[in-house]
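One chain, chain A, appears in both complexes that follow, with chain B as partner in the first and chain C in the second.
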Partner chain A sequence: MKATLAIAGNTVREALRERLLYNLVIFAVLLSVSSLTISRLTLGEQFRIIADVSTSSTQVFGILISVFVGVALVSREIDRRTAYAMLARPVSRADFVLGKFLGLLATAGLNLAVMALASALVLFLYRGNGSFLGSGFFVAFGLMIAQFAICVALAVLFASFSTPTLAIIFTLAIVGAGFLFTEVRPFWLLSDEAGMKPLVHVLDFLLPGMGLLDAKEALTYGDTVSLGSFATRMAYGCGYAGVIVAIAAVVFSRRDIR
Partner chain B sequence: MRGKGTAVLLAVSAAAVALGRPALEPEAVDASRVREPAWLPNGKLLRLASFGQRLLLADLYWLKTVTYIGESTLSRGHRLGSLHALGDIVTDLDPRYGYAYQVIGSNLSGLAHDVAASDRLLEKGVRNVPDRWVLPFLLAFNRFFYARDYAGAAAWARRAAEVGKRPHLALLAANLSLVANTDEEYALSLSFLELSLQQPQTPELRDQIKARIVKVRTYQALDAVERAIDAFRARNGLAPIVLDQLVWSGFLPRIPTDPSGGSIEYEGGTGDVRSSVIGARRPIRVSE
Partner chain C sequence: MSALQIEKLGKTYRLGLRMRSVVALDALSLSVEEGSIFGFVGPNGAGKSTTIKILVGLIKPSRGTASIFGKPITDPASRRVVGYLPENPSFHDFLRPLEVLELLGKLSGLAGRELRRRAEEVLEMVGLSHARDLTVRKFSKGMVQRLGLAQAVLHDPPLLILDEPMSGLDPIGRKDARDLVLELRRRGKTLFFSTHILNDVETTCDRVGMVMKGQLVAEGSLGALLDGSVKSVELRCAPLAEEHFAALHASALDGSRGPDGWVFSFADLAGANRAAARVLSLGGRILSLSPQRETLEQSFMRLAHSSGSAGGEWRQASSG
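Up next, the complex of A and B:
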């Protein structure tokens, strides 16, 4: 566990040296701030425009950071053979994978905190008070960490056995499929076609239910979200990420990296 | 040499601007023309492909809609042919976008003169955002003002009053029922007003609702007498001299009492009936 945490800490330090990370975070923050101007173009409903732009930019850039930085850091360790030095010590490959995952997740969490803070500041500037800081705000941003956890886990999995380009494509494809599946699921369940319902139930477990972890609407409409609902969704997201990390550990343990 | 070259460059550039700008006038006029959105996707398909960003996409199409309405209003006479499609896209992407239903729905009927499309969008809004009272209120307005369907307008106004917990709208619904002037509408209106009276109200509003109940009952009584007079006239070719003739001829079981506390007055020559307290039944007239 000590080794895992050391790898995680090292991964955070390494990630914070990535220029791409800062570019994306700054762009996301700028987008949130620019929503103040964008909202002036509308007729009424300024708050929802600011809230939507802020949450969407946080989510999109958070996912991109998780995927790109995640793949880059794991692939680089293997390509430059810096991982060998670590694996030559009494550190299991599973520890290495878990450490990388935890480090990347901590980095994603830091980014999320920065972007959520920027969004809160922008919303505060618009409203002039903190009335938006209800459960909707915390759940909308809080659940994003579960989404990022899934993205990081998938990035680590694919980076552990394929090229960086392919790893990015695979990860984004599965995350995209997760979002798409949330939208088509109700239609498929209504379908009369035989075999559609069992397929939906299989995909429920295979694909990440990104839509289930997407609570941006709660901030937009000021919905109250129960602690139970938040905890269940968080448990689902973390559980899904955990399974992917476990698979990544198995795959990486069996990989011949000579 | 360098100074001469800069002067030549400046002269050539200035000449190009001076000659080119007037030639671009048609393009300048064309640029300010209101354009129909080039291609509008199906909102449901767009939602499928939104990858979790449907709220943001709904906002983008909403901004496009606001610009489209604004440009069309400024250009005067533009038909707003794409407004319904834009409204559908916004509300397919975010079915809870209550303000979009409200603004696009009212502009569809008011500016685009497409009442059927406005009704469709507003009814979709009522299904998706059932607690937004302004949507049934706008439907009541469409029914009343454009379709002249007063019973329909009264029904939507009652729904707005119920949903929005706005008892003032119960008074409006009662007025619309009076215009509709049917037995069913009188009955519906009375039961709704009595229901409204049971809710907690300010004393002023309570008095207004009570007064409206009396008015509806009086109109109901006057309407019953007027219909009996019409039937009498149809059979005998002239109006009765006294109201009692309606009872003797079997057109009325009895002369109704005036719910306003006065008496039902009748003018034999003209066949006009009125309440001694609130006067004749004068429903709101909608000018053509």
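Up next, the complex of A and C:
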């Protein structure tokens, strides 16, 4: 475990030097701040616009950071041969993959904290008080870490056996399919077409249920989310990411580091 | 116990969409005794780095087995007793050398004060103490190579596997690296290193394995590899009157006029002695008279062209 944590710590350090990460975080924060102005275009729904823009920008940029930085930091270890000296030590490939995943997840968590703080500041500036800091706020931003965990896990998986460009394409495609599937799933289940229902059940297992982990409305509309629902959804996200990381460890263990 | 035991190790790559088979290593077997320095030589692309990467777990073998101090290489714990220097090593360039060593030391099970002490010690050993505040990004190629050597010896492993350790070093760096290799042997370490620079082998190794096109063509002690017989005798003398050159050249295999004297090559010592006596009788001065034996390079070329002709202690490797 010490080796895994050492690799994770070094990954955080390396990720925090990525210029792309800062560009995206700054852009997300600026978008949240600009929602104060954008919201003036509506009447009576200003809070909803601010909350929508803040949570959406955090989610979109958080996913982009997880995917791009995740793929870059795993691929680079092989391309620049920095992994050689690490993997030639008494460290299993699974330790290495888990270390990279944990380091990238910690980085995504730090980014999320910064962006959530910026969002809270913007909402506070609008409201003039902290009444929005209910369970909806914490559930909306809290579940995003599960989404980022899935993105990071997929990025690590694809980067462990393919080129960086393909890994980014594969990861974004699966994450996008996960969001879209949540939208079409109810309609496909109602369909009379033969084979549609079994297909839905197969896709339930294969694709990440990104929609299940999307609780932005909880903040926007002030919906109450039970602790049980939050814990179940969080467990699903962590479980899905865990399975992907385990597959990544198996795939990477079979790879020749030439 | 052998420090390193390799049995019929093989690697076949499948390349391209048509999965074309390329044999990188074929039935390589050898043994490295504890406390010895084993030179693994061969031309570029012969399979040296593939063998080494298999030994340290970077590449999976297609066939065969290998063990380090009795532990199979498939067990990551076998690497606890190995220090590995990759060919053209590379480290995270935003780290300082001590940070690199601390990261890699943690992966080898070192921690706390012991790790800090060892990191400082090996940094001093490879002559990088002056660069402790620089990030690796600002290092020259030679400095990175020195850092590579430092991380290989960091956890004081009994076996060092070095892939082209002298590569990228200037003459001073090469001498330092050679001295380090000999010092490590004095401390009882076993060294297995690959190179295509034969002078490195001649000056440091006890035993040599020669690999070509993925096959071990010869393996044994350095003395057994080199044919010890005198191939020719070289006579160097101060220049005489010009008319004597042709007379001396006629009795020699070869002759030339160099900036610091005449040089003649004779088939045997008797012929060289007769020529030396003649030079002296003409009032000339002998600068040197030296028998020429086969060099490792000549032996390498001989074996490269005809691996079946190697005799003595040298054995022909099985190629099945």
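One rule holds in what follows: the second predicted complex is superposed on the first by the 258 of 258 C-alpha atoms of A that agree within 3 Å, B and C clash if a C-alpha of one lies under 4 Å from a C-alpha of the other, contacts with A are read in each partner's own complex, and residues count from 1 in each chain.
Operating definition for what follows: contacts are C-beta pairs under 8 Å (C-beta built on N, C-alpha and C of every residue); 3 or more make two chains touch, one makes a residue touch a chain.
A quick note: this is a predicted structure, and the numbers were derived from the prediction, not measured.
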item	value
Clash or fit (per the criteria above) of chain B with chain C on chain A	fit
Which of chain B and chain C A:18 touches, first, second, both or neither	neither
Partner chain(s) touched by A:60 [first = chain B, second = chain C, both, neither]	first
Partner chain(s) touched by A:7 [first = chain B, second = chain C, both, neither]	second
Touching partner for A:81 - first (chain B), second (chain C), both, neither	second
Which superposed partner A:216 touches (first chain B, second chain C, both, neither)	first
Shortest span in Å between Cα atoms of chain B and of chain C, once chain A is used as the common reference	35
Chain B to chain A touching residues, read off their complex	47-53, 55-56, 58-59, 62-63, 66-67, 96, 99, 103
Residue ranges of chain A in contact with chain B within the complex	38, 41-45, 48-49, 52-53, 55-56, 59-60, 176, 179-180, 182-184, 210-211, 214, 216-217, 220-221
Residues of chain C touching chain A in the complex	13, 53, 56-60, 76-80, 82, 84, 86, 88-92, 94, 103-104, 106-109, 111, 148, 151
Complex interface listing, chain A residues touching chain C	2-3, 6-7, 10, 13-14, 17, 80-82, 84-92, 254, 256-258
